[in-house]
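I'd like to ask some things about the structure below.
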């Protein structure tokens, strides 16, 4: 696959995903051997209009493990009235002269696409606005399921949380719908259920799905439990409690013995730290996979040049 | 030339400038070949009391393309009450032990000179206060004219904008005055015209110049159109409009076919994006030249050690 | 010594300190030769919840002089509501996958210990809260005395300032108490004298000490004058002046000709810049030693892996 930019998860076909995941496994081995110097001389810029230390470090570490260098902004927007006033397109054209790839976290939906339209070098979207995309998160989520379950076909996956607005869950549902015999359980209070556009998409593709609000209907049947972040303020404003969806030792006893528990992190109360000791807790391995997926994407972008 | 610090554009004689520009051209070739590792082991600190992502990235990329490493502050002043309370001189003496060159953007006029007075390692002034200097901008502006026009003698240059306060325009007028048969057109509303100190300087050196407020008097005659940033708040407070100085396709038709258009960027409305497609639009090439000029300066500072 | 984490100065025995200081001297030579590439491929993360440009640069320069790379935060707390809401333990577990050592400046006392309890990679405490520890400062202070006086036994040391809250002075008093025939003079206004827990510790270990409020009682007798930072707001709220403790040329005349003057920097009025020219002024050499001590600690942590 010739990879020019990484803008949205939908751009990856199933063969593309398999190529990416094969390469991701190689990256894990390269890191175990202490990284490579193959991309010495390459420069990556992390242009973050909204700060995110974990995502930024994951990209920067990926570049370092490949032997490259990093130009970094912790919070471009807070710190540059100039950049704020200027057009994103101009900023990208200028910064593209200083580096070989730009990782962009922009504050407006569609920012990454606008950047890619003018950039002579690859753009990686690291999140663009609340309603936007964060494709490397979706890819590392999918890779984690693939790596933990050794397949993506025939899996039953429960997606839990405020599903109506959850970006990670929406992207993951979309990606999983590309695989055979996948079963999706959407587990949420009725007022926070997955939105109609995803349901329509699944119906069009003939994907099995089930909407549930009771964990007991779901947990015993699934291979993957994907829990998501709670936005307390929003829940309070809607007068909804989600405490009966929290993953705790009692919930663990209801799951399959070989199921895995995922979460995009950081977590709040929605996963009890007592769960961490259980082998099914895959969320730290999931986070670690972000490093390998990002390394794999960088190598594909550099090779396509 | 033995270069110890880069504090103000006036420190460069014509032979110094020619040596710098020769080296700058070499740097462009080095970057095309993927950079060098010659300065592996060297450390540059970017100590920015006022944030400027583009200027900082340009310096840091220059250091990386030379093989060096970077200690970076995005906004030293916002983040260190300690540094704010302490004397700049002490900060410089301390940080000089951690690196091989300091790029300083200070918030007070004369900050770079004070730093150089106590520093055992080279200081590069990346801007010191509103009324201060930003010599690498002036040098990259001059280099761009040299590189685009293949000479600096006998050129006609229009400088446009709020010329009374414009730092870049003042520095460039000063540098251009060193070359033979240069003609300078200062194009601005009367209340924002170039200040008397520059006029006196040009008269002393017998440099041809003309003050104009009508673009039609100027545009057909010049080889270089140097447009500058608009400070809307200041214009509003003075009740002046500068919209008839904006560069747009209609203005383009009045210019020579081999003229170039420059701007220090970022721009606002003062250059219409429709102009970007015209071959005469040199402002992105100008920005890119900043990388090569800064690389050339760094190598000269390291060699003089 | 197998060094797993650097959390508090008390963890170092006298033989450990001597091993560290021997290695620190080697690091000074390595820096003079332009650094090493031995730790190429290693990544250090500086996770600073509270900004400190000087401390961060000192660690990052140490890592660069060893050939390594750096993931950097200027102000993690200001910039990541996510990280603020999440447990420190989760953050550490996540970031540990991106690097080989974490330098943590946390805003809560005990933060570094909590981090070390869950971290699979070494943690270096770069300060944890007002009442917490900053062990690398204490180690570089002790190394400076050792390096300047060629011994740590039999020295007379004056500690000056608001001693009741001074973290650096408390840690240094603790470390000095491990050496033979040390004499400690605590010089402060009575209301700011050293607290009872340190006095009890010294009494238990049979260390000679003297509490004084008059500089004339102390200055002629000591080998080391350790001056500390003044917190003006606190002094004003307590209605105490410390101006008669300021080190100035008049005070210099009262000191031994081979005494040294130390200060953790940055300073305010408590050391007159006129003192800088005196050979006894050791505070800039002390700051520089921080680089070598931190390099030595990093190599010990990497070797213990």
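By written order: A, B and C. Residues from 1 in each chain.
Heads up, the rule we're going with is that a residue touches a chain if its C-beta (ideal position, glycine included) is under 8 Å from a C-beta of that chain, and two chains touch if they have at least 3 such contacts.
Please read these numbers as outputs of a predicted model, since none were measured by experiment.
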Turn needed to bring subunit A onto subunit B - CA fit, degrees, nearest 5: 120
Shared interface numbering between subunit C and subunit A [over half = same, under half = different]: different
Mean-CA-position distance for subunit C and subunit A (Å): 41
Set of subunit C residues in contact with two or more other chains: 72, 74-75
Subunit C residues within the subunit A interface of the complex: 40-41, 43, 45, 47, 69, 71-76, 79-80, 82-83, 85-87, 89-91, 93-95, 97-99
Complex interface listing, subunit A residues touching subunit C: 34-35, 37, 51-54, 57-58, 60-61, 64-65, 72, 74-75, 78, 265-268, 273, 284, 287-288, 291
